[in-house]
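Once you scroll down, you'll see the structures, which are given as structure tokens.
What follows is subunit A paired twice: with subunit B in the first complex and subunit C in the second.
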Partner chain A sequence: MTMSEVVPETTTAESTVDETPRPARTTWRTFRREPLGISALVVLVLLVVMAIAAPLLAHYPTGYGDVVLAPPSGAHWFGTDSLGLDVYAEVVWGAQQSLLVAAASSLIAIVFGTLLAVVGAYFRRIDAVISVVVDLFLSLPILPLMIMVAALVGPSTMTIILVIAAFSWPEVTRVVRSQALSVVRLPYVDAARLMTSSPVWIITRHVIPAVSPLILVSVVITSSRAVLTAASLAFLGLGDPNAWSWGRILYEAQQAGAMSTAWWLPLFPSLAIFLLVLASTLLSTTYNDARNRKRSRV
Partner chain B sequence: MSLALFVLKRLGRGVLTIWFAVTVTFLLLRLLPGDPALAIASPNMTAGTRAAILAEYGLDQSLPVQYVKYLGQLVQGNLGVSFSQGISVSDALLERLPWTLLLVASSLVVTVLVGIPLGVLAAAKSGGLADRFVQLVAVTGQSLFVPSVGILLLYVFGLRLGLFPIGGAYGEGVYGGQWYLSVISHAVLPCLSLVLVQLGQYVLTMRSTLIDALGEDYVTLARANGVPGRRVLWKHALRNALLPTTTLVGLQVCLYLVGGVILIETVYAYPGIGRGIYEAVVRLDFPVLQGAFLLLAAVVVVVNMITDIIYGVLDPRVKAAA
Partner chain C sequence: MFRPRTALAGAAAVAVLFTAACAPSGPPAGESAVSDATLTIATTTDVVNYNPLIGNSRSDYWITNLMYPHLLSIQPDGSKGPELAEKWGYVNDTTGFYEIKPGLTWSDGQPLTAKDVAYTLNAVKKDKPAGTLYGQLANFDSATAVSDTRVEVKLSHPDASLIPEVGFWGNVVPQHVFEPAGSVAKFANDGSKGGWVSAGPYVLTSVQRGQSYTMKRVDNYPLVPGGKGKAAEVVYRVYPDVNTEILALKNGDVDVIANSLPPAQVKQLQSTPDIKVAEVPGLGYSHMTYNMTKPDLAKKDVRLALAHAVDYDAIRRVVLQGQAVSTGSSQLMPVLSAYYDKSVTEYEYNPDLSRQLLTQAGYKPDGNGNFPLSFRLIYSLQDPVTTQWATIVKDGAAKAGVTIQLQGIERNTYLAMTDKGDFDIYAGNFAIMDDPATNMSLAYLPGGAINYSYVDDPALNALIDKARVTFQQPDQIPIMRDAAKLVRDNVYDNIMYTQNLYVAYRSAWSGFAVKPSELLSIVNPVSVASATKAG
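== the complex of A and B ==
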């Protein structure tokens, strides 16, 4: 799911303000009753636990194994690859790498993107520049650009994080800005202007809290998209050659020409990517619906 | 506000976007740590040879001079010379462009043709069983990783069932009508993979725009006047929901499609731009990478410009707002 669809689904700023004193709690109460949302949350938590506990779950796959291209069995749950390495271990360690890249790059993109959005919404003169730059960025094909940069700088985890962050913030800015613009026009922001002359205070205490639900959704969507992008780069051979990632398993399988015979090689990393992205999408959709109960009545 | 002015404005924005792409590329190539000079001139060369090569590519001059020269060359359609193939970048890319356009265009057409009825089906009885099902399928489709879908289809329909060829763009040694048939059969699986991945977004946007349109006053009026429900849905509401959906998604889909086509061409060893990018990455052929990026950016910008202008011609409100 892209953020462009999220925008029409989110509440307008007015209804955020008009809601009962504890909007977060009512959202959670509605969310809890959605089986899809809860299962998505559980899947995400399990994947995060798997990533953190990777050293406990499997030995880091390195060197050569004894059996090459063995199908899934009791000894090797997900089979082995063309070097005889355990695919289960690769998927487990790949979760760590994928989630690290997703978390780090989306954190940078969210902080930078939100900051530009709220500052732009508050100071209208800067906003003109920001919105032009964002529009320009959003009309470029991002993947070829990232491929070019990653190939130029050389593949490493740091490169990938920075490249993804550098091309993800405009989407965040666009989404957050649209709501921040309506928030700064509300009477309570005008009232705040009468009470303090510090824009920093107004932005951090009044504007950012008002757009925070949108930021939360952005975090989930940006990181799930980062997982896909990182996997794409790794699939094209631009992943970190020293760390296992889901994309790299697919890349190595294709390089070894083992894709056609060893179905387990592409299957398990693909399933991992699918589960993660699907869970993130469902989570953000359910959260949006729960927050906007008007819509669920339609 | 005249139509000519609207078109002119839109053209100006297109040119601005392409200029931005060109400048971003230029700066990235020169300012990032990976020095293109290193890729063409190895540090092991003697100082003289190295200087000569750098001078030949104009890399010994100051940044502004290089930038102006670069722009000048681009305006003349000169994208430089490929490091690995020794031919001009524009020749290398133009040979591949038709294949990529074939995949992009066919998958866009199929997406729209399948997406509209599905979106209408879901919106007509929103909240119903069909709607829940379409939404579930659409969300699932959006979560797919393009190469995974490509590999799955390749494995099932290409290798196991043997219904379609597993790679390339056309059969060897076939001519005439047979050749066209082989082109189609080679394009089916890559095209289908792209459709599966992007269909969900199109359907979901179609659905929500149509639901909004169905809540408009003119729909209530038409119903009150006794126009049959089916006619209100397909004639009145759909017509108004179709145009915004198509332009909105045109932009998004176009952008993702460009990413998807690179990956899918890699899976199917399809001789398009995407495969070219992959090979250029492997060989660190920066002129080709840069040229391919600019070409893809230009395609996206031009497609969007055309859809916007058509939209402007068809919808009088856009002209008024421009």
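== the complex of A and C ==
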């Protein structure tokens, strides 16, 4: 699913400014009536808690174990890998790395992408340049480029975060810009221009708040995509070899030739990735619908 | 030794020397009937180069080996046996010779004579292709065909390893095809001008890049009983991933997996119906070198501390599933039985000793017990075994208070970084390191092609130089042992194990002739030509 599929005609500018005084509460009321959305939120919260509480849930997988490629059992809930390490511990600690990459790269992409979007929407003269750059980036074959950059620079957490962020912001810019363009044309923004000559004030006080629901959706979608991308890079051996991630578990299973013989190795990290991406998508869709009740009733 | 691109190589049976001729290690007796069967072999990579003089991938080696014969073959202990050459040796210190079998022909009907051999050697010396053979020709001056079957080789300096090593590593190419094409360093030999010409058991006839390489049987291959290969056709099929290869073998889509199996898969495949697993003796080693141009690693105590912080037993037991043997931290591996020195023992895994050594070297640990030492260890991502044990090395060093940052890199970048010395610690392996004198000169002499520790020890240099001109093995052995001890005691290299490899094939096939290393294993020309299918 692409972001543009999630957000079209979502939070119109009118809904932002004409809503009742407590739109957030209204949204939440609608949202919590959606079991899928609530389930997605619960799953995401659980994953975040798992990442934060990893030291309490499992010992950091390090060194080696004596029983290699053991299937799931009472001693090893998710089995062991080709070094005899506990896959459950790897999945738990992998959540930390995967969510860190997701959060950091999407944060960078959102900040940068939103900034360019609102600046472009407000200052129409530079909008054309920004649009061309965005179109240029969106037409690039992203995964091969990411692979090339990560391979040349060398795999590390910082590299992965920056590489993903560098190729994620254009999507954010495109989506937020389309919304910001309609916001800057609204009468209340014109009125704001009469009150101050500071574009920074108008952008931060009026434009960004008006597009903030869209940003929130973008954060969730960009994060889930970042997890997928990070897993892809790690599966290709371009993840950080010094930290466990879900992609690294898959990569090591592939390297050990164990994908077909030790089903538990690809299964559990894949499930974790699947759950995170599914929950993120459902959360953003439900939130979107809750913000735009008319659409949700269609 | 073989390592893609820089593969230079060990040399051999220095024992041989003034004349040697051995009985061929032929394929198993019987099963000489030819058939219409097709032998399908799985490989993980496409052919990069069809010119055997510059080939650099496993698939290059396997496929061109079926067309361009070597003068000599190799035994599990590194000694050389006949292949194209029946006799070889030295006339004097600076003149060597090969005598090849008479009556050989290329697949286009042209005779294969000593002129082809002399042309190949002279062309490689002149054009300097970036392959294994050129690395062996440092002391080579020229080759002359003195008859249709005898080649004489002039050496610029005495070199006891040159004749056996060149004979083993060099493929013979057809002069009538390669000479008109110009430089052998640039000739792609991609079959675009009328296909390929072979003096092996099969000739490449069709290529579907990314899919398969089809080779047809050649009628005249006298190295196997019956004079031709048993299977009518050999097809190399490309599966980019070892997991898919294993599934294809189980499903019967392929008959052989050419790549060695991941250690953790051996037991599982051994108990799989219709699959057989063959053990391939290792003739190389895995090692780490410490870049002595770095100030910390220039200190012997630091290198020794790092060497004592590696749990070698765990690496062999867990990562390699017991399919490897300790070399006693020496280049003189147990498989080189004549050279092996039991008195040289492996570095003990003892992080406490490492800490003592570092303290002795003047380093002080912080409150967490960590020394102010951090090293970057590089390894190839295409090497799954090293990728796995690198984490064990890192964990061991951490116990000694030393930080190791792992840097797994795509193979070509890894090779480039290795050549530039862009690393603190290098981890890698060589498939065949058969001749101690040659290997040590490449690994430890200043400017050596694989001198990744950048060592320059006059005492070691003198020993290696002496060994290179010592033609009798009994005289050379003590020199090599002294050199290996010097390397071990000063941690100029950290040689960790020799891996014995395993390859899998469908049990309907038999007659394979196993040779050491993944390069030869059961896909060497004689083995492929001898394989027969039941029923």
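Structural remarks
What we mean here is this: the second predicted complex is superposed on the first by the 296 of 298 C-alpha atoms of A that agree within 3 Å, B and C clash if a C-alpha of one lies under 4 Å from a C-alpha of the other, contacts with A are read in each partner's own complex, and residues count from 1 in each chain.
Please note the rule applied: a contact is a pair of C-beta atoms (placed from the backbone, for glycine too) under 8 Å apart; a residue touches a chain by one contact, two chains touch by 3 or more.
Being a predicted model, the structure only gives us computed values, none of them experimental.
In the superposed model, A:241 lies in contact with subunit C only, and not with subunit B.
By the touch criterion stated above, A:39 is placed in contact with neither subunit B nor subunit C. Within the superposed three-chain model, A:140 lies in touch with subunit B and out of touch with subunit C [touch as defined at top].
Touch criterion met: A:84 reaches subunit C, while subunit B stays clear of it. When the two structures are aligned on the shared chain, A:259 is found in touch with subunit B and with subunit C.
When the two structures are aligned on the shared chain, A:131 is found in touch with neither subunit B nor subunit C. Contact with subunit B, but none with subunit C, is seen for A:278 once the two complexes are overlaid on the shared chain. Once the two structures are overlaid, the count of subunit A residues touched is higher for B than for its counterpart among subunit B and subunit C.
Contact with subunit C, but none with subunit B, is seen for A:64 once the two complexes are overlaid on the shared chain.
When the two complexes are overlaid on their common chain A, residue A:178 makes contact with neither subunit B nor subunit C.
Touching of subunit A by both subunit B and subunit C, each in its own complex, is seen for residues 151-152, 154, 237, 254, 259-260. For subunit C in complex with subunit A, the residues that touch the partner chain are 241-243, 246-247, 261-262, 264-265, 268, 314, 318-319, 321, 381, 384, 387-388, 390-392, 394-395, 405-410, 413. Taken in their complex, subunit B has these residues touching subunit A: 16-17, 20-21, 24-25, 28-29, 32-34, 36, 126-127, 139-140, 142-148, 151-152, 154-155, 159, 166, 201, 204-205, 208, 211-212, 248, 251-252, 255, 258-259, 262-263, 266-267, 277-278, 280-282, 284, 286, 289-290, 292-293, 296-297, 300-301, 304.
Only residues 62-66, 68-69, 82-84, 151-152, 154-155, 237, 241-242, 252, 254-261 of subunit A touch subunit C when the two sit together in their complex. Across the complex, subunit B is touched by residues 1-2, 4-5, 8-9, 136, 138-145, 147-149, 151-154, 224, 228, 231-232, 235-238, 250, 254, 259-260, 263, 266, 270, 273-274, 277-278, 281-282, 285, 298 of subunit A.
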